[in-house]
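One structure coming up, written as structure tokens, with questions to follow.
Going by the order they are written in, the chains are A, B, C, D and E; count residues from 1 in each one.
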Amino acid sequence: MKIGYFPGCSLHGTAPEYEASLKLVAKAADIELVEIEDWNCCGATAAHSMNRMLSIALPARNLAIAEKMGLEEVVVPCAACYSRLLFALNEFKLDEKVRMNLQPIIETEFKGNIKILNVLDFLEKYVMDALKNKVDDKFKKKAACYYGCLLVRPPKLTNSERWDDPLRMEAILKKIGIDSIDWSFKTECCGAGLSIARTDIVGKLSGKIIEDAKDRGADMIVTACPMCQSNLDMRRGAINNYLKKDNNIPAIFITQLIGLAFGYSEKDMQFDKLFVPISFSNNNFSNNNDNLKMQKSKVKEVKV
Amino acid sequence: MNNYKLITKQNLHSFFDALQPKNTIIAPKEINKKYYFKPVDKFEDIALDYIQTVLSAKSVLFPRSDTLFNYHRADGDYNIDEPSPIEKNTIVFGMKPCDASSFVYLSNFFLKDYQDKNIKERLEKLYIISLSCKEADNACFCTSVGSNPASTKGSDLNLTLIENDTYYVEVVTEKGQELINYSADLFQDTKEIDKSKYIANVPQKFDVEQAKQNIDSIFESPLWVKDSLACLGCGICAYACPTCTCFDIQDIGSQFNGSRVRNWDSCAFDLFTKHASGHNPRPVQSQRWRNRIKHKFEYSVENLGLISCVGCGRCIRSCPTSMNIVKTVQIFQGV
Amino acid sequence: MARIGVFICHCGENIASTVDCGKVAEISSKIPGVVFSTDYKYMCSDPGQTLIKDAIKKYKLTGVVVGACSPRMHEPTFRKVVASEGINPFFCEMANIREHCSWVHPKGEETTQKAADTIRILVEKVRNNEPLYPIKVPVTKRALVIGGGIAGIQASLDIANAGNEVILIEKEPSIGGHMAQLSETFPTLDCSQCILTPRMVEVAQHPNITLMSYSEVESLEGFIGNFKATIRKKARFINEELCNGCGDCTLKCPIKKIPDEFNAEMGKRPAIYVPFPQAVPNKPVIDKDNCTHFKNGKCQFCKTNCSAGAIDFDQQDQLITVDVGAIVVATGFTIKGTDFFPEYGYGKYKDVVTGLQFERLLSSSGPTLGEVRRPSDGKVPKKVVFIACAGSRDPAKGIEYCSKICCMYTAKHAMLYKHKVPDGEADIFYMDIRAGGKNYEEFVRRAVEEDDVNYIRGRVSKVYEKNGKLIVRGVDTLLNSTPVEIEADMVVLATASVAHSDAESLAQKLHISYDSYNFFSEAHPKLRPVETNTAGITLAGACQAPKDIPESVAQASAAASKTIALFSQDLLTREPIIAVSNKSTCVGCFLCQSVCPYLAIEREEIKDRNGNIIKTVASINSGLCQGCGTCVAFCRSKSIDLQGYTNNQVFSEVSALFERSEEYV
Amino acid sequence: MTELQNIAKKLFDDGSINLLIGYSNNENGGTSAIFIDNSADIDKLIYNENCHQNLMVYFQKPEVKKFGKLAFVVSLPGLKSVLEIASENQIKDGDAYFIAIDKDGNPSLLQDFHQIEDFITNNQTKPPMGLLKLMEKINNMTREERWQYWTDEFSKCIKCYACRSVCPLCYCTQCITDINIPQWISTESSPIGNLDWHIARAMHLAGRCIGCGECMKACPVDIPLALLTANLNKSIAIHFGDEPGMKADYKYPLSHYKLEDKENFIR
Amino acid sequence: MSEFEPKIVAFVCNWCTYAGADLAGTSRIKYAQNVRIVRFPCTGRIDFMLLLKAFEEGADGIIVSGCHPADCHYTSGNYHARRRWMVFKDLLDFIGIDSRRIVFSWVSAAEGAKWAHLVNDTVSEIRNLGPMKEYKNLENVSSNKIGELIND
């Protein structure tokens, strides 16, 4: 079974473990991920804040190539790319003018009847039934499923029902024997692109997320978006000095867990790439030692 | 001027070609094994070896829907526009003698007192070339009503096929001679020939005079009911009959424009005698069948001195419930 | 020959601005049969009407065509004018050259020609119209009021006090509706039970009112003055005559834990229960789905404890058919639950409650007997955040309208909360305060100034629970939009008022129209707010649109006055637009009978003098026929015709469609 | 005495009928209806495959009704028309006896609709292939060709109304053609008048015509009339699944509706 | 002569589509002028013969519109109409009359804009289809020229 695959810059750049785990998971579920030839950047925030036509043409070109390659569906693991491609397809379908002057720009014929899957759609549709066994019980960990923003919004485009309190990842993890906590920061903003320009804001926003997950007893944060993962993991320094204490709850990709369930090793899942390490030997799990107990902190008004 | 001529089939073809340009020629044409009078412009289209057409040729004179005049409203009043005059003459080529004799009845009927303009004009421009019957079927009964398969009554020219490709032509009227003059050289003169051995034998089915005595006298009788039980009151017998002349005039159109049209009608219809009040003097079918028979054999003789049936047998052939006028007359003859 | 007068209205500028009325009058004067044609600025005005009357006299007109607005607007007006001059009103037709022509087309020759065509079509119709006389139909002087809330109660009392019989049916075990659930009512803060209970008792004791609680409309047939309603009286499993309302049975029922509807699921009730202390009728009802007797057939506690022997487990639903002349629909409204709001936790947090639930907490007959206690742990909340416009005025949630009453009851809730918990803090997130009623604004000012309720103008983006606290994240747009985060103990959502879930099916049963929110549609928003398009059926209260108690009561009295007006005459005159059958040409195939929605076509046997049947034919019951004409279009032999829209009339309209005017210029 | 004649004779002998309407040979070699009111002429009664006229048309005729108790010799189409006019309240159970002739020609006496229904269900005849092939041919034509085909056919019509008079389902005393206020169908034989008549006739027979084909046989100018009603009945069977002439309590499809009727052609 | 302006007749029911057209008027929504409206109490009342008469009178397109299913003021008029039009459309298709010239629709009293769209769409569709030549070539007046005496 051939499914189109659009990596986007993150999966070839800052989130190689996301691509590696995704590819191995696909292989285990005998799905062939066909990378779109000569794909180009999806334009991310830069394009759509500058020029509407550009923000549509860039993703549309990728879709047009995928269509020409005979692919009916394309999986887009990065939530930002997923949102951009979805947006472009929707504009293409709704707006007559877009359909007319898109053609000369991307120089390839685009009909627009390709389907776009995010990583959860892909897992639910193709992987979960192929997955019988569970992650072995020595890995007793509680997950905090973090969706971020673009994976579930805007609801009209992503047509997700419970877009403010989604339960899709929880259901997937349940299938592989991992329980998840009920928390309220599933779709709060992690600071996204401010990661470079205003790391302090990322520290605050991601900090709140980390803090709420920790307070509710989560052992790890599971994400499905490379940008959220990098903010929660790589910016842990800024987070810790915002929260005035060390939090070493790891932030990992859902595909890495699914890979474990398929029996791949931690090395295959490249857990070593994490800034905040995660370890699997049964009880010396690093972050539940007592001396770092969190005091009850009063969330005060933060003046910017 | 010798009134008896001979013409070969070949010359008949060229005679047709001579007539065709300046006249409208109507002739029997075969359409999926049935014959209809249709305008023809090629001799080959004419079916000369037929027994009888489905519908008669009376519509040459008295069409199914004949527009008497059109009207339209202009500058506050109504304007009448007469139908355009007929330029070409009409020649009916190859009609059977019984049909030809029906035109004697038609002209008598339509021009008896009121001179109907449309019909009068058409009659003047009508030329009838009849073709004697080579064969007949058991629906034919011309001999029972005073005609015969070679009668020249009502024809302008009468053709009878004698050898296998020559026709014996009788010039009956001046109009016939006019036709001959189109190309007189195609004809050779001959002396009168007895046609009886070239024509079909049509046995006489009833003695019309004797039958008339009963038909004229019997009005209230179960005979009419028993005989007419099968009749469903459609209009085929009247519409197909060459001598049925009843019509109904209607104004068709709106108050702004339209036309006054004369349509065929049939005494078999319920609407034929229905009064505005809803009362119908002839409410049931047997009375209408009785009226049909008495009209043909009693009333038209009283009014015009002619029986209005020429024995063509069309009503017998086309009736969907096989009503048979011959059987009825035979019943009344035998009573 | 018809003598028709054509009168073209300018309607001020509405028609004259795009249609050359003079030219239309001139063109129309040339139509055969039109003997007088003129145009005037306001045909519907008094001078306009006198113009018609004079023309009728002067030109001895036999028919009138008025080219003006929609017949749905002024047809009755002009028909009365024509009738006053002795011409049968059905010889007057209106040509819609405003809504269908001048308002929707640009000025120009083509628009004027369209107006002239529309007039000509109606002239042809008038030429073929026949005089029709109103049908006199007896009126059943009994009203059916659906819904026992304050609106239904008020309507029933008004109609009954006018000497007419009323049948009041209520879906719930007791009347009272939402008002019974309120603690105090704005703006006077008088106790809701104190002003409602006397009315409920008055209804119960009123000789003219038959109260059928725990009953719903099953079906409705017939038409104004002659409705036949079938009511399903749901089985209460209590014999109402025997029961003296002592309530012992409710004490003994082993099931105690059912969330009770009256307290908006805040309190618990047994399987056999009386909704609230002042319930009318004060008779319990057994909740079949939760009662163990109906599960295992054994439990009889209530029966054994009933001294009056009124418990009857095998009572069945009853279908009662009543003849009524008019119907008042007062079925009220409901509110959205907290589970409707993703941003407030999809109903996950116990301490996020709706306004109605908070009302029950405030009410002395509520689950907490008037003490404000948090549903999660029963503690008295020190910090309560009220969120106004929860769901209302929110196109993304599909509810665009304002629910009108939430601003007032939210202010009331905050005020009452402050009265009960003086040291508590009440913050209200609002967009605009809509306090337009009498003394409403003063009430809200009192809340702010005397009870220092803290109004924060801004929306709340998210509410989530953290360590026992509810974190409310909003913004204060009056303090240059700084984000605000409040750790509240309790959040009250003023959720949107919406139509009942079964409103649509009720509307379809009653053949009344409803809008896209399933509120029932009034005949005309401004001029006929309480009537519906279906004659004889009126609306009252929030079932037509969200409204407060004063407005509901006013509407109820208005609906009652309409009903009383209808009952004031013995015979109701009905539009003679009904079908008539031609018994001589009908062949009795009864195709018409199978298509008639009103079963108005009966079989009549035509007999000859000595009694044997010649044929059976269709005959129309002029009382039942509503004039839809479906039978007329189906009759193959054209033996049925619809008065007012006869075959000949509509045929002549179609024939005149495209006759160009130059025909007779 | 054939089996058919025996049954007829028994009916007359036990006085249960006053008139028997059957087929007999006529003078010009064909078969046509015969009205036997006593057992004397029973020997004229015959049945063979070219007895095609639908005798049920005589049930409505006042002069036939006057005879009292009736019996009909009917082929399968005739029986179907009995059920159809029964569903339209024109004939009640027991109004007449029916001597039905099955596929292989042997007669059986049927007295009530129930028996007729069973007889029809187990005597299903194959549809008229010629008609279906012609319908197929027309349906494959382009719209313009179909229009040309039908205007040519309709222009032949002389409005003799034979198609109406031989049809047992056309029992209206006043037909739409007889109405002149308003003049629904113009009285003249013009292209417009003929088109209106044939469309009205087809619509009035839609979902009712049982396909005996008599209209086509009676038409003097051979217009393929049965095609119109056959095509309509085919589309009605597709849309609503009903077939006329199978049940006495048949629900005329056009006067009953289902909420989920297909409406993809409505905007 | 400028572009062909189709003549459209609209058979509408009084309770829904006629009121919808009124609403289009009160909301001043502009739409094409080609339509002439004939009012009926219900779509159930619209006889198929009237559609034929409309074509004979020179209509190029016909709109038949009434209440949405379940909204009919008389409960079932539109259901019966729906079945009738299904059968009538098949008959016209079979005879070769272009059934695209008849537009069936449901327009409620609240859908003024839909009415305006319906009219504009119909007018442009019929304009593409061109004049209704089928009927215009069938000259109405009977031919009494001898040549075509037997309705050739």
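By definition in this document, a contact is a pair of C-beta atoms (placed from the backbone, for glycine too) under 8 Å apart; a residue touches a chain by one contact, two chains touch by 3 or more.
Here the structure is a predicted model, which means the values were calculated and not measured.
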Item checked: Partner chains shared by chain A and chain D (touch criterion as defined above) -> C
Notebook entry, point to check: Can you list every chain in contact with both chain A and chain B?
Noted result: C
Item checked: Closest chain to the centre of mass proxy, which here is the mean CA position -> E
Margin query: Using C-alpha centres only, name the chain that sits farthest from chain A.
Written below: B
Checklist line | Cα-centroid distance, chain A relative to chain E, in whole angstrom | finding: 56
Check: Hey, how far is the Cα centre of chain A from the one of chain C, in Å?
Finding: 50
Notebook entry, point to check: In whole angstrom, how far does the Cα centroid of chain B sit from the Cα centroid of chain C?
Noted result: 74
Item checked: Contacts with 2+ other chains: residues of chain C -> 595, 634, 647, 651, 655
Check: Got the chain A residues that touch at least 2 other chains?
Finding: none
Margin query: Give me the residue numbers in chain D that touch at least two other chains, ranges are fine.
Written below: 158, 173, 176, 184, 186, 188-190, 254-255
Next item on the list: Could you please specify the touching residues of chain B with respect to chain D in the complex?
Entry: 31-32, 34, 36, 54-55, 64-65, 137-139, 225-226, 228-230, 232-236, 239-240, 248, 250, 252, 261, 263-264, 266, 269-271, 283-286, 316-318, 320-322, 324, 326-327
Item checked: Touch list for chain D against partner chain E, complex -> 138-139, 141, 143-151, 155-158, 176, 184, 186, 188-193, 195-196, 199-200, 202-203, 206-207, 228, 231-232, 235-236, 239-240, 253-255, 257, 259, 261-263, 265-267
Item checked: chain D - residues contacting chain C, complex -> 88-90, 171-176, 179, 181-182, 184, 204, 251-252, 254-256
Next item on the list: Using the touch rule from the top, collect the residues of chain C that touch chain B in their complex.
Entry: 30, 32, 584, 655-656, 659, 663-665
Item checked: In the complex, chain B residues that touch chain C -> 72-76, 254-257, 278
